[in-house]
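Here it is: the structure, laid out below.
Labels A, B and C are assigned to the chains in the order they are written; within every chain, residues are numbered from 1.
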Amino acid sequence: MIELRGVKKYYGERLALDVPALTLETGGRYALIGPNGSGKTTLLRILAGTLKPDTGTIAFGGVKKSEIGYMPQKPYAFDLSVLKNVMLPLRSEPDAKRKALLALERVGLSHLKSARGSRLSGGEAQRMALARLIVKPHALLLLDEPTASADISANDSMERALLDYAKETGCTLVFSSHAPSQALRLGTRVVALADGRIGETGPAADVLKAPQAGSTKAFLAHWRI
Amino acid sequence: MGGAFQKAFDLLFSGDGQLWNIVSVTMQMTLTSSVVALLLGVPLGVFYATARFPGRKALIVLNRTLMGVPPVVCGLLCYMLFSGVGPLRQLKLLFTVPGMIVAQVILLTPIAAGNMETYLSGIVGEIQETARGLRLSRGRGFLLTLNESKYALVSTYLFGYGRAMAEVGAVSMVGGAIAYKTNVMTTAIMMYTNMGDFTLGLALGILLLCISLLVNITAHLLQGRRT
Amino acid sequence: MSKKALLILLALMLALSVFGCSQTEETTATEEETAAATDEPVVIEAPEATPFETMSPNYADKLGITILYEQDDAMINNYSLLAVNEDAPFEDLDGNAVADVEINTVGAKALIDWMLGDEATELIGNYGFEQYGEYLFYNKEDRPVSTAEIPQATDETKTIRLSTTTSVNDSGLMSYLLPVFEDEYGYDVEVLSAGTGKAIAAAKMGNADLILVHSKTQEEPFVEAGFSKVLDGYDSERLTFMYNYFVLVGPKDDPAQCAEASDVKDAFKRIADGKYPFVSRGDLSGTHTKEVSLWPEELGITTDADSVADYTEWYLYSNAGMGVCLTMANEMDAYILSDKATFLTFRANGGIDG
């Protein structure tokens, strides 16, 4: 169980994130929704450790730093083969190649295993980035808009791969999504953010189909679930 | 001006021993110094771009300042260090081609490093965030960034090479422009200009540009069909 | 572009460098030996020297300036050889004494002995006639003479560093003389040329084995400070062995009428009185030092820039080499004091191609 207490982050004058309390249950799949600038990326970064909050604490409940995986909004595709890219987190494990090929298959990128990472399209790069993460077990997996650049079929393979991975490893999954429908498909619980604050949280279906907070309602008004 | 072109053409095919020595010394010096500066400057530039430590920004500012050192100042410094009474006289670098290479490397390395740092500063943020997310070690991150800098290598090299070819202040002081030994194209141009033979100076200049063109074309081809 | 074409291009560049290495001084040496061996002075239109050095036709007619006054005793320029003393009080940049400065005393003596020997004397006396129809240097009658046996070069003594002035180097005398010496005795003379001040400073910093300069006023302090020494077989540190003349060069129409002057000082007076444009070296070189000594005393002109502050409308304190100053004078139709050799070279090479 991961607990955040009194976490605040300022960008200059602006309060980008203000989370008095948030609990993430082990094995849960949390979808962060909200408009741009609502603090989704900030929260993910703080959880990943690439950003330090100005105040507050995070208790990781036994989750080690090395067990946290994070995919930023624009994952970098290195100028290596796709296969080598995916093998990066595995270092010199004996089984690395096999595991990488498996991960690539799951996201539907096997045919591009020898392609240059720098030559991939946006959607392909994101799939590769996902493969790069699911190639290893994690206790906490953080993803910032993982399917933003994907087309529909890619979106499907990624969601399937992610769901399978989460169920197999039992990891805690926290991901932000620009599409509430995805939140419904992938997440068990939803955290709706607005202006850096949590508007409401709850089971995915409840929040998405019957939002309580005004900000959530406003956000979801644009979408048809 | 036409006379200068004619003269350049005649010079090229005259087979004159002195001219070929000048060209040869120039090529040895510029190719060596630009390559060494690249080997030193690129990792340094990657270091500037990726490392996180207090004083990093100050170091980058220092490097930028060193990029603007007047070559003649560098030459003067080296001259004093390598002189018969200088602290580094045992190295016997004064009035030699290796000495000129050293002076040029001092000038060019900050330039290569600065070039690299500027190129990488655009992408290093993304690289680092991704690398951290994958729990890659700092060393790994450095090597990966080094690998990413490949694309700027050729242009960084050419920039340094161009400076090496055009440089005259440092090499004339450290090398002494000794005939058949440390006379390079730029010092030869200076010498003939000072003697009043502007046409010959211009002809040599044209020759120098042609050689630069050759090197640039080669480098462009080396870059391959990469977009 | 295929990899093959790439390799060819690279090979081309490599060949360029390697080919350059294989060419040696042999070409120039042979040509100059033939020139030196000729007895009769022959006036030749096209110069015989290497293609590299003289590829332009004679531009004498295109030049706006010419020699107006010469051969005055006050315009004599004396050249001296000084060997650097290996036990001189060398100091490093902080003023501390430096003990182990390497000076090739054997090599320096060998070169000096040769320059003061018969062979060099004859060569010096002949230099310039074939190319320009004039003698550029004269041997002093009271010069020190050497009949010493000159040792062959050894690995240790092979490299001789000769620090001299740009005027000497630009006259071409060194590239005319030295190959003869080098071929006969196996030495390798490295000629460093700079302005007089820097040439002497280089020796003080241990970067030269001997100097060849032409400025008594700067040579004497050098000797007094202990940087030179008296070699075996000679009486003094300063070995003055050859001379040439400075020439007063000016516009062909000679508005100051210097050609009619009674002596060179009179010529200078005429220039000053008429405030005709004059280009000064302004770089404390031998030429500069000589020039300031020729002006009327009441003008108070010295090598110091401040001393000519009042005369800037006609006196140009330029701080540049001889060739550049001659070009300036040519452009401005100004008078200028030059050493003859450089002027003749300048004239033969024509300055800017029209």
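Please note the rule applied: a contact is a pair of C-beta atoms (placed from the backbone, for glycine too) under 8 Å apart; a residue touches a chain by one contact, two chains touch by 3 or more.
A quick note: this is a predicted structure, and the numbers were derived from the prediction, not measured.
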Could you name all chains that are in contact with subunit A and with subunit C at the same time?
B
Using C-alpha centroids, which chain lies at the maximum separation from subunit C?
A
Of all the chains, which has the CA centre nearest the overall CA centre?
B
Please report how many Å separate the Cα centroid of subunit A from that of subunit C, as a whole number.
78
From the C-alpha centre of subunit A to that of subunit B, how far is it in Å?
46
So, what's the distance in Å between the C-alpha centres of subunit C and subunit B?
32
Residue positions on subunit B within touch of subunit C in the complex are 1, 3-4, 7, 10-11, 14-25, 27-28, 31, 80, 83-87, 89, 94-95, 176-181, 193-200, 202, 214-215, 217-218, 221-222
Complex interface listing, subunit C residues touching subunit B:
1, 5-6, 9-10, 12-13, 16-21, 23-28, 50-53, 55-56, 90-93, 98, 101-103, 161, 166, 170, 175, 190-193, 205-207, 320-324, 326-327, 342, 345-346, 349-353
Contacts from subunit B onto subunit A in the complex sit at residues 123, 126-127, 129-136, 140, 144, 147-148, 150-151
Residues of subunit A touching subunit B in the complex:
48-50, 65-66, 68-72, 74-76, 78-80, 88-89, 129, 132-133, 142
